[in-house]
Structure formats: structure tokens, C-alpha cells
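Pasting a structure below so you can have a look.
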Amino acid sequence: MPLTRQNRAADALRPITITPDFLPRADGSALICCGHTRVLCTATLDENVPAWLRGTGRGWLTAEYGMLPASTQTRMRREAAAGKQSGRTQEIQRLIGRSLRAALDLGKLGERQILIDCDVLEADGGTRTAAITGAYVALAISLSRCLKSGKISANPLIGSVAAVSVGMVGGTARLDLDYPEDSGCDSDINLVMLNAEKIIEIQGTAEGAAFGTDELQQLIALAYKGIAQLAQLQQQAIEKAAS
Amino acid sequence: MPLTRQNRAADALRPITITPDFLPRADGSALICCGHTRVLCTATLDENVPAWLRGTGRGWLTAEYGMLPASTQTRMRREAAAGKQSGRTQEIQRLIGRSLRAALDLGKLGERQILIDCDVLEADGGTRTAAITGAYVALAISLSRCLKSGKISANPLIGSVAAVSVGMVGGTARLDLDYPEDSGCDSDINLVMLNAEKIIEIQGTAEGAAFGTDELQQLIALAYKGIAQLAQLQQQAIEKAAS
Amino acid sequence: MPLTRQNRAADALRPITITPDFLPRADGSALICCGHTRVLCTATLDENVPAWLRGTGRGWLTAEYGMLPASTQTRMRREAAAGKQSGRTQEIQRLIGRSLRAALDLGKLGERQILIDCDVLEADGGTRTAAITGAYVALAISLSRCLKSGKISANPLIGSVAAVSVGMVGGTARLDLDYPEDSGCDSDINLVMLNAEKIIEIQGTAEGAAFGTDELQQLIALAYKGIAQLAQLQQQAIEKAAS
Amino acid sequence: MPLTRQNRAADALRPITITPDFLPRADGSALICCGHTRVLCTATLDENVPAWLRGTGRGWLTAEYGMLPASTQTRMRREAAAGKQSGRTQEIQRLIGRSLRAALDLGKLGERQILIDCDVLEADGGTRTAAITGAYVALAISLSRCLKSGKISANPLIGSVAAVSVGMVGGTARLDLDYPEDSGCDSDINLVMLNAEKIIEIQGTAEGAAFGTDELQQLIALAYKGIAQLAQLQQQAIEKAAS
Amino acid sequence: MPLTRQNRAADALRPITITPDFLPRADGSALICCGHTRVLCTATLDENVPAWLRGTGRGWLTAEYGMLPASTQTRMRREAAAGKQSGRTQEIQRLIGRSLRAALDLGKLGERQILIDCDVLEADGGTRTAAITGAYVALAISLSRCLKSGKISANPLIGSVAAVSVGMVGGTARLDLDYPEDSGCDSDINLVMLNAEKIIEIQGTAEGAAFGTDELQQLIALAYKGIAQLAQLQQQAIEKAAS
Amino acid sequence: MPLTRQNRAADALRPITITPDFLPRADGSALICCGHTRVLCTATLDENVPAWLRGTGRGWLTAEYGMLPASTQTRMRREAAAGKQSGRTQEIQRLIGRSLRAALDLGKLGERQILIDCDVLEADGGTRTAAITGAYVALAISLSRCLKSGKISANPLIGSVAAVSVGMVGGTARLDLDYPEDSGCDSDINLVMLNAEKIIEIQGTAEGAAFGTDELQQLIALAYKGIAQLAQLQQQAIEKAAS
């Protein structure tokens, strides 16, 4: 059981803070910190929809994800300079988008689009799950503002969304992997849940050793525990923004 | 329970055929047909490795995936003409690569790279799982040829890999979804297994309704059943190529 | 006279087969095999026209061409991954488009566009001429279906189109060059003809030795002979699809 | 004199804070806030140099600049998604690079490259001058760390660099324009200075009204005043990082 | 004072010629030669405006700049082949556009766009200032033709625009730097002026040594002198085209 | 027989001038004017060869082609701004390269590369044939200079290359089509010849009406006539540069 965790228990989250309204002029925003991982999430309401939705009366939510070049230990190449987003970036932004759409009644949104931006200021593992968890807060803030201002008349939110990673590290199930754990684990699962109850997305990869259904059960149970705590922190941040 | 399945049982695969050596001059190749879905898979041994592996004595496997523009009911835009691969394409080729690397001892491969190409000739759902299942056959054929020809001295294969999709459609668990089922399902899971026993990758999405752990269990059990049959068909195709 | 041809006569085509409706759900499709060269051709009717034709009452035909990475002896780089189509690819798809437009009365087509896709599954020389010959079959099938279904009211086809390559190899004129002949020839001409009678396109290159008008005459005569046979095979395939 | 400035004097800077080591694991970093404008600046030492410097014994400094999509009042398109950096972005990163190179003895740096990243978290005018001012702090911190750790043996810094904007707004010369002033001004000059004494770069544009040499004099004098204050704040931040 | 200038005085322009109507079929064109530097400038009137101007009744002017690959001593890479314009190119074309827009009343232009093209046939320093000076001639010619032909009813030109470079070379202020001077100078300023009187753009860079306000004054005075001469040559060329 | 030709005979070239050394500092250059068509051609000797030729002792020649945006009656989009070269551009530069390589003994060139640039200043039909004809002059000049300077020791030129277009316009065979003829012709053939004797390239397209072998003969005979005159003009230009 070598990799960093210091005096954190195997079933403990890293210290989490969610700062709502980090960008006060955005429709909705939140800075989420999970240990050293810091992600700035914003939600922007856009009165246009993609062409294929015009005339349907339905809306959409789409997400973009990026890492600042210096967010990682070894500086990454800037994707804007490289001229394209990596496969990993596209995979993550598709995941964020699908996850948050599962919390929305897109018919109630009307012909509008919500643009989610998740930008990683500092990365130490779990950036995609932090992004989803933080983006939900930004989304909820922006929707509640739009309700107040009369921009929308009914709240399209049908539940809350949070995400966490779990993994087998040296034979032990651990919650909320940091970067050294993530790179050295046997297997790694990202779980996204609705209302801290039901699964929206499960993405598991055996990076070191294929796993059986027993281990899968054990990891999912651990994830439920973490998600319940995250959901509380989300709720507090949303209430703080409303006050 | 409306969507197409005609007289196929909920736990039955579509008719599957795997034609080894579809491209006789390739290092290894297979055409896999799962109902209307047809994917041409090839494996090419390349004596170069990516820069970051030079001098390590270890090899690599990477995969590319594409769909012919006319493979889908409504013609898709050609990615080469569009000038970039979609996020979906990149996500799938990353999945194929990770899945097959799990079956290889990359140290035994030596400083070589295996390039997998999966090109969809016709698409009717399940192209990514068909691609993994077919690509394993192409990979195994190419490695066994390289062993025979003395190009490599030890077989780096440490297991077989097959993949299948399962999903809840109108409340029922179904094996091997075709396109209408896939677009209309509540939730959809792709499972990749090693030796038809352990999980390498699990990717589940609640497109219609979030799911609980019970449904997850049920779907995984169904996938095991399908994978066992696919593994047999893979074995037959590999043996046919060797004879 | 060294290069492969085995017991094929200098004025003989390679064994040719044209399988109509290879993709049964496409508007029109054909798989053409010329020896080892195999090209999958499809025709898709699109109710949109390019911007510069809107309001003119006239239609258009455009073509795209691609090679599967593993279609060649040495694997080619995938153009979608490279992010652009090579000059050769663009040259070929422009040739296919021009050739087939010569067989159409674009006014009769109405404000519609036909998209031709030619994808090379296996390459052994002559892929561009095989693509034209096969694409004509896909085009004719799709138009006759559209007539039947009432989508169009008059057939815009004004003739048949077929293509073949001829070349001087070691001083001898040869018909339908395969890859070793093509790479080693003195000069190489691709001829596209209308109704097996008149020339639509002639593209000749002296790769080894510049040629005079006598050799040009001789090669053109040989091409006429091949085209006549191809036109018959095209007709048979079109009739088979109609039956 | 309509545009926002509230109770700030025409010759006063906005409230400025510079937080050194905002990214503790970077070689050098600083978050600079000038009113609502917030820019995260980092410096990374890279042991490679561009090809054209290999073998010369000399180093280089290059800069990249980006804006988070939600940093502006109206969300901007993400450049990584657009697939290229705008002309404005390239112009700014060239300016940052030239400005900081003026503070370095590139021979003393040795065959190394310093990569500066300036990422705008929130934008309210003056992002390019804030980026230069903050990037100098990140640069100085990283170099002093490299000296301590023995990575370099002599400090290549030959002076300090700071930048500010000045402009004629409604006929009055103003220091440190915010976004409303910047968009509505007659003319706008960005000045970069070495040691708060001499000019490295001057970029002036008459957006509303061409200006004479008198106005130019007046604006430059105002800029000197602001630069002197910025230089002090930079020094304090650098000392804090060293303590 | 080593760098080339031969028997040209420090305050003398290179030999300048401006040939109007170099492309007789363009709306307006001029070939400007400043010593060895030769730039072909054209102005094209386009009845479309960018989307963000539609319905405003106002027009726009935009500029593009390019260098022929063989225009420089060492052949440059062709930007069309590289697939993108360099940062330098974009910076220059933004400068040309801003400079010429300062000479136009865009409301009088109506909803039209003027496209300026500046293509460098031969480069020996000062291509951007030559481009601005030549492009003004092309612009003035095209507008006066449009007035005559009735395409526009009022001349939107509100002044003339010319540009020149000045710099400190080995401690001396020099006018109109050629390439060897430009590469070896201490500091280099490009000045764009309206009616040879007021400044539209000033861009100064200390490439070798930072400069004080005294030197800046001295250089600006020198620039005024050169601009006055250029303005005369521009006027002659415009009159010649009109005759 | 409506289209422009005024009092030029059907078998007459347009007025042709070839100005050698238009860019005096290039290795070799020529400006060729064929009526209104003006193309600037340069040849640059590069001591590098493409990777696939390293170690072979053989050289290469490659060509690039571009049109200035304002060279055409209706301004074209700048390819550098569009981010890619059109299919037409790529087709033409491949043709220029192949044509000139046919005049070289690449073994004698040694491991060097010749870069040909053909940039169209004004376009009125026949730009690709003018480019080939002019580029040959630039090539011959550069090689003869390299021989003199001792850069190469044997002249790799094995013949001269010139090109012309011919076409059937309203039933008549015409030499050297201008733009109105080219757009309105029945068929159009570009011929490239070695030593005004043998064919290197023939590219014929039936844009209006398919053609028979008789017409082909007639057009080729006409082309021979034009090529003979062009070859003389090329020779004179080369001699002038040498004197």
C-alpha cells in the first residue's frame, strides 16, 4: 500500500471546498478544490441552440474542458497552440455533457443552450469527477438566477449530479484517488450519480489487473459513500450563492 | 418492448461471423459481422515505437477506428474531408487500444508497435464492441505469424479479449443491442473481458433512466453469457487462419 | 518484360467482378474487384445542393475517395488522423466527380446532389479507374431506384462511364496495369470513356520515358478494348440489381 | 468624461494585488489582479531549446497567452475548440515574449528555454499589460529558485519589466484603462518598461481620433507614474516568495 | 555605423516608386517599390459585410498580407502549405486593417466591405510600412472609381494614410530601415500617420537597447519627414490613375 | 465561334514574354506573361532532401503553386487564410513537379532538392502551362549558376520542358486558350513536352462534349506547334540571364 495517502483513510475524500460565484459576472460559477486538484467551472446560458434542435422547443447542454498548461507537474502542451483538443479532452467533455444532461428536463429548458466550461487550474488526479461535481453547482446557480430574473419560467433541474473516482490500489479499495494513486492503481472507476442514489455513468478500466464482479461491487459501495458527502457540499455551496 | 429484435431472444447474440484473413496480404486481418454491423479489422506490426518508449525495451499497441461515410443509414461526413476525427471516434479508438493492450505483455513484444485498424463497412449498433472482438482475432493471427516467421521469439499474448453491449430496453435486460435498441434504450453498457472471465473495461451510460446496482448486476451477467460465445467464435477463426 | 502478369495476355483485363448492392441499405452501391484491387462504391442522393447552385434548378455530383490504411502492402497513414486529404486523394476525387458528371444531364437531376463515395478496401494498382467503373454502377442503381420510388421523374443519365489504365511496360503496351507494372512502367495513361466510344478524360504521365504520338495511339486502342468489356460487366451488374 | 472610473483619479491605478506561488508546484507563478482583471502567470524552465538555437550556447524565452472562455462578459469561443489561436492572441503572446526577453541575458541562461504561460481568469481591460507585469514576477521567482537549486549558475535577469496602458478618454489622459474605457477611448497606448526607466515596447492605436506628439508625451508621462508603482508591488511579491 | 546604407543619408528614404493600376482589372491596385522591397497592393469592393455588421448600415475594411516564399533571401515556407498564417502575418494584417480604417468614415461606405491584399514580391525590410503606404493608393483608386461608376455616392475617405519605419542604428537615428539595418538596430519604430500630421499607430520595439523619451522624440521627428515625402508620391500615383 | 480571341488566329499563341531574373537575389527566377496571364516562377536549391531519399545519393524537385487573391477577375479566397490548399492547387503543383522532374537526372543532382515556386500575379487562363514553361527557365538559370559557382559539378538537366493548352471551342481546334475560351470550351487538353518532341504529360478533359481520337490527334498537332515557339522563347531568356 505504498502510494501517497498519508493519514487519509482508504474510504475518505480529500479535503473538498466549493467556492460559488468565483467569477461574479458569469451566469453561474464555482471553483472546486479536491486536495490539490482545482477546477474552475462556469455555466453560461445561450439563447441559441444547435441547428438540429431548432423548432423542437427543446434545449441542450454542452460542455468544454481544458487544462492550463502549467496545471500539471510537467507542463502540458497548450491545446489552442497545438491546434486541436486531444482525444482525452474530448472524451472528458463528452462525459461532463452527458452527465449533466441527465439532470435536466431539456423540454422545460426551452430552445436554449447551456454551455459548461471546466478549466483545470491545478491537476492532481480526479479532474474529470471534480469538474462534474463543480459544474453541477455552477449549473444550479445559473438556473436559479434565470428563474429569479424571469429568463426561464420553470426550473429544468430534475436532480443533482456528483461524481467520484474509486480504485483498487495494491489490492485495497480506495476512495477519491489522487494522481500517484491513479497512475499506479490496478483498476480505476469513475462513477457519476443522480441524487446520490442511481448511476448515470460508470467508466471502469483495468489499468493493472482485470477485475471481477466482487471487486466491482466493493468499489461501487465506496463510491456511494463519497458521493453522499459531495452532494452535501454541493447543496451548501448552492445555498450560499442564493443567500 | 417495441424496438426491433424480431424473433431473437433477449439473451441471444445477433448472427455472428468472423472471416479471418479478409485482407490476405495484411499481417493479420478479420472481417466481423454481427447482424448488419460489419467491421474490417487489421493488425500491422511496425518496427518503430513512439518516442517515449525508445530505449525501454517495451512495445506498444495503438488503434484507429473509422466509419465509411455510407456505412450508416444517413450518410456521415467523411472525417478525412472534415479534417479531423470526431470526439466519438477518438473515444472509441482509445477504448480499442486500452482493451487490447490489456491482453499483451508489452515487455515480451520488444520495441515494436502494433497498429490496429478497425473500419466499419456497415453500421447497425455495437460497432465498438464488434471492433474489439474482431481486432483481437486480427491481433492473434498477426502475432502467431510473427512467431512462425521468427520476427518475434515469444508470444506476448496473455489472454483473449472480447466485448459486447447490453442494455435495459423498456425495462428488460437485452444482450447485443442493434441500432434501434441502442438509440431507444434506458441504459447501455459496453463490457470488455479478458479470457471471458474478468472485466477490462466497463462503460455504462444512462441515456434514458439512471440505474441501480441490481440492474447493473443483471446486465453484467447477461454480458458474460454473450462474451463466452464470442470467445468460441474468435478461437475458431484464429484456428482457421492457422490451418 | 519482367513485371508480374503471369499468364495474363498483354491485352487482357484482370479478373473483374462487380457485386451490386454490397451495402443493401445505401441508395446505390457496388463492390468492384479487379484482381486484388477492391473498391466499395456508393451513391447517396442528397436533397441539398452547394450554395452556388441554389435557385438554378440544376443539380450536382461530387465524389470522395479514400483508402483504408491497411489496403496497401505497406500500411498508409489514415487521412482522418493526419487531419487532411493528400494531394493524390484530392486529385482522384476530382477526377471521379468530373467523369461521372459527364454522364449526367444536371438540369434533369433538379436541385439535388449525388454524393459518390469510393473506398479502397485493397489496393493493387488501378484504384482510380476501378473507382470510376464501380461508381458508375452505384450511380445507375441509385438513379433507377429514385425513378421507381418517384423521387425523381426523369432519368438524368445520358450515357455510361467506364475507365481503365494502359501503359508501356518494357516497351510493350499493356492493358489494366497492376501495382508492380504501374510502379515500373515507362508511361501510364488513364482513360475514361462515355458509352465505350468517346473520351471524357485522358491523363497520361511519362514516369520513365517520354512518349510519342504513335505510342499514344497504340495505348488508346488498347484502352478501347478494355473499356468495351468493362461496359458489359457494368450492364450485367445494373440489371442484376434491378431484378 | 462618462465611462466608469467611479472615484478613481485619472492618474490612479486600479487596486492591484500580486499573489506569488499561486501554483505551488510550478517553477514560478503569480496571480495578478488589477481591478476585475485576473491573470494567472507561470514560468517553466525547459531543458530544450528551439532547433535554431542548438549548439549556440544561448537560451530563449517564449510566451503563450489564453483567455478562459468565461473570462469575458460575453463568453468567448474556446481557441482549443476552434482549432487555432486568434490573431489577437498571437499578437499578445509575441509581445509578452519580446518584452521579457528584453530583461534577460540569453547567453547566461545557457541552452535552456523558459516557457511563460499567461491565462486570463477574468478580463476587464488591460489583460496584456497585467500579463507582462505578472509574468515578470513568475519569471523572477523561477530564476531565483533555479539559482538556489544550482540548476543555473548565474542569474540571467538584467532588469525588471512592467507594463501599463494609458489612453485619452473624452479628451483626458487616463492611467490603467478598464474595459469600458478601453472600448470607448480616443487612443490607447500600451507601454512596457525596463527598470521603470526606459521603454522596451510602445504600442499605440488611435481607435477614435489620431493624436499628436503632445498627447503622446502626456500619456507616456502618465505611464511612467503607473509603472513605478507596479515595480514596487512586483518587488514585494518576489521577496515574499523568497522568504 | 556599419550596416548598409551606402551613400544614402540617415534621414533619406530609399528610392520609392508607386505604380498605380499594376493589375488593371482589379478595383484598385498599386505596386510599391522601396529600394528592393516590392509589395503588390489591391483593394476589392465586396457587397457583403461581416455578420456582426448586417443591418447597421455601416461598412468595414479588412486586410490580408502575404509574402511569396521566394521573396526573402532565404526561402520562407509557404503559409498556404503550412496550413496557417504565422503570428507575424496576422499581426501585420491587423495593423494594415486598423490603419486604413482610420482613414474611412465607415458609415458613408454603407454595408460594404473593402478587402485589401498586400503581397510581398521581394522583401528587404519595411514590408509592413510599404504595404500600408501602397494599400492606401489602391484604396483611394478603388473608391474614386466606385464614385465615378455610381457604386457609392459619397467618398468615405477622410484623410490619407502613410507609414514609415525609423530606428536607432549604432546610436544614430535613421529613416526607412532596410533589412540589414532592421535586424541589427537597437530599436525600431513603425509610425502610421493620417494626413502626414497626426499619429494613427505607433509600434516601437527595443530589440537591442531600451530607449528613453528623448530618442523617441527624435525618431518621431524623423518619421514625420519621411511621411511627408511619401504622401506626395501617393498623391501623384492616385492622380496618374485618375487621368 | 463567339469567345474572345479578337484578331488572334486559331493556331496562334498569345503574346508571350519571359523576363529572366525578375527576382535578382533568387537562385533562378523568371516572370512569364502569356497575354494577361502573369506567373512569377522561382527555383531555390536546398541542401536537404526529403527523409525517404537520405542516403540514396539522389536528389528531388518539388513544386508549389499559388494564386494571389486579386489575380482573378473575382477575388479568390487566400489559401493561407483558409488554412489549406485547394484540390486544384495541389493537382497543379503535383503536375509542375512531375513535369520538371522528367527533365532532370536526379542522380546527377546529388542529395539536394530544388524547390520551384509558381505564383500567379494575374490569371487569364493557362496558368498551369505558363507556370511549367516559366519554371523551366528559372530551373535552367539556377542550375547553370550552381555549375558556375561549383555548387554542383555536372548539369542534371537532360532536356527542356514546355507546356501549352489546346481545346475545341465551338467545333474548332484552338491553341493557347484564354480564360473565356477555357470556361466555354468543349474539351481542353494540357500538353507538356520534352525537347518540343515527346510527351511528358497529357491531361484532357471533356468539359462540354466527349471527344474522339481524331479530335485528339488534331489538338496534339496544334500543341506541338505552340510548344516549338515556346521552346525558342525559353532558350532566349536563359541565354539572356547567362550573358
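Quick notes on this one:
The letters A, B, C, D, E and F name the chains in turn, as written, and every chain counts its residues from 1.
Please note the rule applied: contacts are C-beta pairs under 8 Å (C-beta built on N, C-alpha and C of every residue); 3 or more make two chains touch, one makes a residue touch a chain.
This structure is a prediction, so every number in the text was calculated from the model and none was measured.
Separation of subunit B from subunit C in touch steps, taking the shortest path, is 1. Most remote from subunit A, judged by the distance between CA-atom centroids, is F.
Rounded to whole angstrom units, the spacing between the C-alpha centres of subunit A and subunit C is 50. Chain geometry summary: the mean Cα position of subunit C and that of subunit D are 59 Å apart. Mean C-alpha positions place subunit D and subunit E at a centre distance of 28 Å.
Looking at subunit C, residues 83-84 sit in touch with two or more other chains. Chains in contact form a single ring whose order, set by starting at subunit A and proceeding to subunit D, is A, D, E, F, C, B. Note for the complex: subunit D touches subunit E at residues 84, 86-88, 90-91, 93-94, 98, 102, 189, 193-194, 197-206, 210-213, 216-217, 220. Per the touch definition, subunit F reaches subunit E in the complex via residues 23, 25-26, 29, 36, 40, 42, 44, 46, 64, 66, 68-71, 73, 75, 78-85, 89, 115, 117, 119, 121-122.
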